[in-house]
Every structure is written in structure tokens, then in C-alpha cells.
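Shared between the two complexes below is chain A, which pairs with chain B and chain C, respectively.
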Partner chain A sequence: MDSILIAMILALLIPIYEAWQDDDIWQKMLAFASIATKTSIMMLVISVLRDDWSIGVVAVIILCVGNAGLMLLAHLIKRINET
Partner chain B sequence: MIDILSYSLMVIGIIFWFWGTLPLIGERSVLFKLHSLSVADTLGSMTIILGLLLKIPSEWSLLLLAIITLAIWNTVLGYVIAYCSIDEEIKNKKIN
Partner chain C sequence: MIDKYVYIIVALLPLSALMLVFQTNPYHALVIRAILGAIAALVYIVLGAADVALTEALVGTMLAVTLYVVAVRSSLVLRLGILKGDGKTNSFTELIASLRKVINRHYLRLELIEYPDFLTLKQALVEREVHAICSQQDYSEPQNQNSATGIEIEQTYHTAIRVRRLFEILQTELTLPETTLTYVSVFNREDKH
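So, the complex of A and B:
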């Protein structure tokens, strides 16, 4: 299970690097959306590893609210770009 | 047997993740990256959660909620980002 977690951390580094090196706001939004999903799935894996389900509940909440927050941010950026 | 199945599901999910995330570094357009990213992220994450479900069936309700949440919210997020970023693409094309 640990090696799976390490592979997940490596998969998480790619969008972090992408968010750091790209200047276009929409590429950054893509990277953040990917980071949000990957982090919440990693939290689910850790909650299964530790059999501690408060972490699992937080991971599911991140899945809902995190993506909703990104959607609002996307609309905000769209409106700002229009003016 | 169940352990082998759950580990193989998780490895498949991670392969999906890498397959979806690697083109992110390239110089392609936002929509191309968004397509491969949202497909791979959603499917890969669902495969990983299925692997977790096989590992600990006692907490099936929470993991099922995670799968449903993932399916709905990740897809809608992909749509919203595509909808919002499309004006930018058209403007860039007009300028070039």
C-alpha cells in the first residue's frame, strides 16, 4: 500500500510542477483541479490505511466543496477577463 | 485473491492518473489537456476507490458516496472550465 501511496505522490507532483511553470491562468486552473482530485483520493487511501474514517469524511467533503470552489473561481476569472 | 484484485485495480487507477496528467506539461491547448485530464482523473480515481472498496467493504457507504461525488462534480468541473476558458481561446485565435 505504501508503494501505491508513493506512486500517487509522484503523480501529484506533475500538476504541481505544471501549475508552477505555466503562466496561462486556465492552464493553472487545470492543474489546480487535478491537484484537488488527486489530494482527496490520496486522503481516502490514507483513511483506509489507518482505518480512521474522520479523514475519509474530510476527503469526500473536499471532493464536493473543492470542485465547487474551483467552478466559482472559473466563473469569476471569466467575468474579470470580459471587463 | 481479493487483495490481489484490489491492488491491481489501484495500480490501473494510478496508470490512468499518469496517462491523464503527463500531457499536462506539454504545449497543447487548454481543451485538449482538459479532455485527457478529466477523463483520466475521473476514471482513474474511480478505479482506485473501487480497489479501496474491495479492501474494506465495511465502509462501503462512504466510498460509494465518494464515487458518486467524483462522477458528478469532476465532470461538471471539466465542463465549467471548458465553458469559461473558451472565450480566451477565441480571442487568442483572433489575435494570431
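So, the complex of A and C:
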């Protein structure tokens, strides 16, 4: 089962590299969306692996909050570029 | 016994922290801070601290980053006072465009604030409502002297800046014949009391 998580970590490195080398702020936001979702899915996998329900609940909450934070941040950055 | 994948996940944290430290643009740095928060929450989960991870995601990623974007947006700005009719002329839009290009290099925004006449414009600079004013009249000259001098004067603009660092940046990087730059030290009324 560990190999699944190793593969997910390798997939997580792709948006991290993208956030590091791209200069456009919207590309960085896309990388952030990708990372926020990937990390919370990894949390869910870990919670299943360890059979720990409290981790699973927190992972679901973080999955929701990550998207909400992304929306909020995107709106603020959009208004910076407009004015 | 600690699994192997724990070490790899924990190694992601200093990686994203280094990305954050070497980022110079404040807005890009804030997005990377959000990425760092997501990875930190993952690390806390892997190490077994579900409550800490929840706090990191809620406060560290969402609240702190949102508040910092608002703070950076309202502080990294150059407010330029202009006269009401000036915005439409061709040379003025050219001047504003090159000004915007110079201050964008320093991650500043340009905000134009219109005033009806020169006296209120001057007053706004003294009252510290704006950081700089740009008009065809010179800040130090009396208002009525300019009308007699002719057409060449009308092509040039005078920009008076009351922030010393902004003046230094614009003086070294803005090379335009259309405007003259002057530094104005505004008398600080709050410090007197």
C-alpha cells in the first residue's frame, strides 16, 4: 500500500515544480488548487491505511476549506489586476 | 516503526519553505504560502496531529493569506492626484503608462485620484491624502503665473512627490522628457503635538 502513497507524492511534485518556475500568478493559483486537493486526498488515503476516523474527518474538512480559500484568494487577486 | 513515505512527505516541507523564502513578488509569495500551508497540514496529519492540521488549514492557509492579500494590496500602492480634465490628453496617458511600468517593477500599483482644481490637488498633497500629484502647473509656483508663458510649457507636466523613497526610484528609473520631478517635504502636523 505504501507504493500508492509514493506515487501520489511523485504526482504532488509536479504542481510544486510548476508553482516554482512559472511567473504568472494564475498558473501559481492553479498549482495551489492542485496541491490543496492532492494533499487532502493523500490525507484520506492515510486515514484509510491507518483506520483512523478522526484523520478522515479532518481530511474532508480540509478538502472543503482548501477550495473555499482558493475562491476567496482568486477573487482578491482578480480585483488587484483590475485596478 | 515509522514508514518510509513519512520521511518523503516531511522532506516536502523545507522544499516549499525554500520556494517561499526565495520568492520576491509579494503576491506570488502569498500563493506559495498557501501551498506551504497545505503541505504543512499534510505533514501534521502524517505525524498523527489531526487537530493541528485542521488549525493550520483554517487559520494558516485561509485566514492569514486572505488578510495578508488585503494588507499588501492596500499598502503597496502609489496614489497619484491628477486634475479632472488631464486624463483624456494623449501625452498624459503616455506618461501614466510609463509611470505604471516603472512602479510595476517594484510591485506597486498606481491609483489615480481626480481633483476638480489645482488648489484642492495641492491641498490633498499637504493633507497626505495622496503620495504624489501630477499637473501642468508647478507645485512651488503661484497659480496664475503660468498662463503668460506660452505653449511649450503646456506640454510638460510637473510631478511633486512627498515620499522620499518613491522620489528616488522615479528619479533613477523614469527617463521621460514630458515631466519634471520634484521632492516636497510635507510638514508633519501629527509630530508637533
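Criterion: the second predicted complex is superposed on the first by the 83 of 83 C-alpha atoms of A that agree within 3 Å, B and C clash if a C-alpha of one lies under 4 Å from a C-alpha of the other, contacts with A are read in each partner's own complex, and residues count from 1 in each chain.
FYI, a residue touches a chain if its C-beta (ideal position, glycine included) is under 8 Å from a C-beta of that chain, and two chains touch if they have at least 3 such contacts.
These numbers were taken from a predicted model, which means no experiment stands behind them.
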Joint occupancy of chain A by chain B and chain C, clash or fit: fit
First, second, both or neither for A:I14, with chain B first and chain C second: first
Partner chain in contact with A:V48 - chain B first, chain C second, else both or neither: first
Partner chain(s) touched by A:D2 [first = chain B, second = chain C, both, neither]: second
First (chain B), second (chain C), both or neither touched by A:A31: both
Minimum C-alpha spacing, chains overlaid - chain B and chain C, in Å: 13
Interface residues of chain A shared between complexes with chain B and chain C: 29, 31, 40, 57, 59, 68, 70, 77
Residues of chain A touching chain B in the complex: 4, 7-8, 11, 14-15, 17-18, 21, 24, 26-27, 29-31, 33-34, 37-38, 40-41, 44-45, 48, 51, 53, 56-57, 59-60, 63-64, 67-68, 70-71, 74-75, 77-78, 81-82
In the complex with chain A, residue positions of chain C that touch it: 3-5, 8-9, 12, 15-16, 19, 27-28, 30-32, 34-35, 38-39, 41-42, 45-46, 48, 50-51, 53-54, 57-58, 61-62, 65-66, 69-70, 73, 109, 111
Footprint of chain A on chain B - complex, ascending: 7, 10-11, 14, 17-18, 20-22, 24-25, 30, 33-34, 37-38, 41-42, 45, 48-49, 52, 55-56, 59, 62-63, 65-66, 69-70, 73-74, 76-78, 80-81, 84-85, 87-88
Contacting residues of chain A [partner chain C, same complex]: 2, 5-6, 9, 12, 16, 19-20, 23, 25, 28-29, 31-32, 35-36, 39-40, 42-43, 46-47, 52, 54-55, 57-59, 61-62, 65-66, 68-70, 72-73, 76-77, 79-80, 83
